[in-house]
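Note that the chains are named A, B, C and D in the order they appear, and that numbering of residues resets to 1 at the start of each chain.
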Amino acid sequence: MNCTDIDDPHAARAAAPLRVASHRCRVTAHQAVNARYRYLRLQAEADLASATRPGQFYQLRCPQTSALQPFLLRPMSVYGTGPEAGTVEFLYAVAGTGTQALATLAEGQSMEIVGPLGQGFTLDAAARRVLLVARGVGLATMAPLVRQAAQAGVALDVLLSARSPADAMADELLRAAPATVHAVFDSDGSSAVDRVEPLLAELLAAGCDAVYTCGSERLALLLRRLLQPHPQIRAEVALEQRMACGMGVCLSCVRPFEQEGRVALQRVCREGPVFPLREMVGGWHG
Amino acid sequence: MNCTDIDDPHAARAAAPLRVASHRCRVTAHQAVNARYRYLRLQAEADLASATRPGQFYQLRCPQTSALQPFLLRPMSVYGTGPEAGTVEFLYAVAGTGTQALATLAEGQSMEIVGPLGQGFTLDAAARRVLLVARGVGLATMAPLVRQAAQAGVALDVLLSARSPADAMADELLRAAPATVHAVFDSDGSSAVDRVEPLLAELLAAGCDAVYTCGSERLALLLRRLLQPHPQIRAEVALEQRMACGMGVCLSCVRPFEQEGRVALQRVCREGPVFPLREMVGGWHG
Amino acid sequence: MADLSVRIGSLALRNPVMPASGCFAVEYQEALDLGALGALVIKSVTPKTRVGNPTPRVAEVQGGLLNSIGIPSKGLDAFVRDVLPAYPGFGTPVVVSLSADTVAEFAAAVQVLSRPGVAAIEANISCPNLEADGLAFAMQARSTHDAIAAMRRATPLPLWAKLTPNAGDVAAIARAAEAAGADAVVMGNTALGMAIDVHTRRPRLGNGMGGLSGPALKPVTLRMTYQCARAVRIPVIGCGGIASAEDAVEYLLAGATAVQVGTASFLDPGAMRRIVDGLHDYCAAQGVARVAELTGAVEMEGEEQRNWRAQAAAWA
Amino acid sequence: MADLSVRIGSLALRNPVMPASGCFAVEYQEALDLGALGALVIKSVTPKTRVGNPTPRVAEVQGGLLNSIGIPSKGLDAFVRDVLPAYPGFGTPVVVSLSADTVAEFAAAVQVLSRPGVAAIEANISCPNLEADGLAFAMQARSTHDAIAAMRRATPLPLWAKLTPNAGDVAAIARAAEAAGADAVVMGNTALGMAIDVHTRRPRLGNGMGGLSGPALKPVTLRMTYQCARAVRIPVIGCGGIASAEDAVEYLLAGATAVQVGTASFLDPGAMRRIVDGLHDYCAAQGVARVAELTGAVEMEGEEQRNWRAQAAAWA
């Protein structure tokens, strides 16, 4: 019989620092940004600002109400952190049960979030100009990267795609950072692939060190195609998938990726949510 | 084969008037009465005031919160109705999941209640003096009867038993109705059976037409014994039992009663919650 | 307005919504137009007189209810004399639910209950609250067949077999009921459960164990409804945790022809009316002309899943 | 502080709280001190390579979760080489969970897995996500016996049999596992369930059906834990919907010697630590010196219920 001695201190690994935790937060701001999106600012005890990297996410425990009883936590990209150490911001679209319940939270109430989770974006120290391509609420994921780039003095081109000018939220993305913004809309047809394609091709050709995208599979796949002549450009995409644990444990959030000509499943919560764009495979939503 | 013709209008009974309904109400007042009890006033669309008799109850759909998720409705006696047609009042003790959740409801929020349910008290037209014996939150059940008696010009003796003077709530029971109040307390020993017994015996002997009790099995059984020499006095008790449907359907709320020397189960929600005190059997709580 | 009518064998129902046995009695006429339901299913009656279980008979759990009512019954004569007469006359088919201890008792009782005013008999061969840790006829195909076959010989009325989610292989049991002559299966009764008060260390039901009902049960009974509908050609009546029209539609899509609503009525006595109204709304929104079209209309695999299965072998 | 240690056969655990297989991986060391748990149970491994089921692999339901992960596995060699080494070394016994398609595969795999660093093997003979509508070894006593007996012959390590709530008679299956030489039974795995999106008319899981876990499952698995504990003398490990110390105590009172926590960790990766802390609090409040005293300490009938049973015959 193999009876592990549970009290042998020599057997124990040094307990790892606990990087991920459930944080009880106070809602310090919560308001509509427009008809579809809401801004949420939370205050935690812990120093989430320095623990969180651009592109990472938290799992939010949306409140239970009489009408809405979400069971799982909901993954949300960090839209911003600071200035205080415990401050973390989210920007979200009201969709189903969980986000509708979330929208009922009043300032002053409290809620729990688990994180920080996942791998964020990589901004090379040497980068001088980068391109961001965001659609819809995908901009929330991008905002910390905008800030990081601006702080590092990296020039920013931004392509923002939205249903209509009212949905575009360029100010919410940039938060006063300098950038060249190209906004395209469904409402005037400018967001159609054949009209975006030449614009993107030009931006890539104009000497860009990296491209980051989030919020549109259509745009991501277009970008991946347009990047073929530019192997030197770093290209990353932030993806979504239905999640349970958010920590790489349950294997619910997998998607196929192409690596060296072979397809393999990766966990969006763990290997992602940011992946090399060139490894992305289209057509998998879960 | 016995194929009922579903469209034969002659086969259909006249649809009964719908006496019981789920009423969506607005919370118009909700406050602590003391450390253990809370007062709740609701406003419904329907005329609950004239539909509700003293001693009846409603089932309250307590809210769902992140911490508390009551599944069943909670039975609560009506503490008062009116002056507006849609106004109904409750007085409740904060106990477990449901009442704790209930206590979180803010004025202006809404909640559902189902009722009115059950059989109330009977106040004979000829009554001139009645005795009420209440303990704890049992007084909530009695309050509408106090009012009815006062309006009918019936003289009232009230024995109020409570843990301490702070819990007694004579004003909450009487709501300005005239009555002779005898308050007894655990805190000074005056509520002990051997001290209450002579007091009650005297009140019964002093020419009382009916006695009503709620909130204490001990007091109810004492009264039942003291009533033996007074067969002419109407005696009623309001009882509690765990309920699911509240409408006589599920058979969860039964208790044994003695009728003509035999014990039979009755539904507290339907045959009660008010029963002839002389039929009550002690020792069954569910 | 969509056509909500459905047929359970020879029985035509104006809509697929009916109460579940034990969660309905004529008292609900105070809260509901009984003439607007698909059928009226009465609380189970047993040939033997039964007092029922000790209280507490109900306890709530997360998303559901445990009950150990124990089928109190005054016997068949009292039922026919005192209970039954209140139900016919609403223009809605009346279904009598019968529970019994032996095959012979079942067969004899079904004869007594086959009388004017009764449109169908539901054989509750599944109630988990009785003796023997919840063992019941519907736990095994053999005993299901024996009980249903005996009842089949004893009545010309439509005969429904109410199955239990406690059984390991409900498809086999549904097939046994069909082979024995049942006109429909009801899937299903409560699942045997338990809850303990950690302070008193006593079960939270007077009987120790009891049946789980309500939303917590739904995923399991919905799955079993699907399995039964695949296994038999007779109609399947879905039951378990239905509280909204969407819940009812899930059961219909899974293969049910009609549905029964139990615990939800305790939370809102008007629940069945809301569900009927909601079915109209759903059909209108989805362009469904006849609710009967929904039965079994679930599409088990979408394109993405087909692609996955086609490609995944290469991924390993 | 109360003594929380328990023994599962020859294996001593510092406390009765361990993760449920598939709901835990070494990644949780980022959120939890793995040295503070009773045991570490790894996600099931299969001898054959498996990609797992198409997404979506999870869907929430009221009070619970449906999953159809499908046990992705890179096989035994990859497991032993890439996965296993991360687990020993926390001072906490490591339990490897094994799933396989045939008795021979089970037996062969158990030999491979009987190696240093592995404190026990949990035979997942119950996973309902595989082929054939969820049929599994643990659905029948016979196949349970065959599988466990073959594994018993193949390993000297403690061997736990993980049963399924889909079975009709878990007591018989627990007895079969015991007779075949299991050192403990785990009660249990998920219950096969289903949910349908009424708008798309597709199942809400890519695989169509999946296992129900979380609080919705608890009343049923708690009852089965009680039944198993009554049926066998080997320890029973309770599992299903445990999210708090009170939930864990319910299982202990029902007869469990230890408990596994699954879905609750997804809602709070620190759930197991909270449960261990809560067990200390409960024991302190209730004056319990050793948590092991709680095992099976439920009092099934109180005075009121005894009185009822004694008197009720006269009431009918």
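The working rule: contacts are C-beta pairs under 8 Å (C-beta built on N, C-alpha and C of every residue); 3 or more make two chains touch, one makes a residue touch a chain.
Just so we're on the same page, UniProt names per chain: A, B = Dihydroorotate oxidase B electron transfer subunit; C, D = Dihydroorotate dehydrogenase.
If you're wondering where the values come from, they're calculated on a predicted model, not measured in any experiment.
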item: Both-way neighbours, i.e. chains that touch chain C (Dihydroorotate dehydrogenase) and touch chain B; value: A, D
item: Centroid spacing, where centroids are CA-atom means, of chain B and chain D (Dihydroorotate dehydrogenase) in whole angstrom; value: 46
item: Centre distance in Å when chain A and chain B are each reduced to the mean of their C-alpha atoms; value: 56
item: Inter-centroid spacing, chain D (Dihydroorotate dehydrogenase) versus chain A (mean Cα positions, whole Å); value: 35
item: Residue numbers of chain D (Dihydroorotate dehydrogenase) (touch at least two other chains); value: 51, 55, 61-64, 206, 304, 315
item: Residue numbers of chain B (touch at least two other chains); value: 61, 69, 265, 284-286
item: Chain contact graph, described as a line, ring, star, complete graph or other shape; value: complete
item: Residue ranges of chain A touching chain C (Dihydroorotate dehydrogenase) (in the complex, touch as defined); value: 256, 262-265, 283-286
item: Sites on chain C (Dihydroorotate dehydrogenase) touched by chain D (Dihydroorotate dehydrogenase) in the complex; value: 49-51, 53-55, 61-64, 66, 74, 133, 139-140, 166-169, 171, 191-196, 198-203, 206-209, 212, 215-220, 222-223, 226-227, 241, 246, 249-250, 253-254, 282, 286, 297-302, 304-305, 308-309, 312-313, 315-316
item: Complex contact set, residues of chain C (Dihydroorotate dehydrogenase) against chain B; value: 10-14, 22-25, 27-35, 43, 51-52, 55-65, 67, 69, 72, 89-94, 116, 118-120, 156-158, 206, 214, 263, 265-270
item: For the chain A and chain D (Dihydroorotate dehydrogenase) complex, residues of the former touching the latter; value: 1-4, 6-9, 11-13, 15-16, 18-22, 61, 69-73, 112, 114, 241-255, 265, 270, 284-286
item: Sites on chain D (Dihydroorotate dehydrogenase) touched by chain B in the complex; value: 304, 307, 311, 314-315
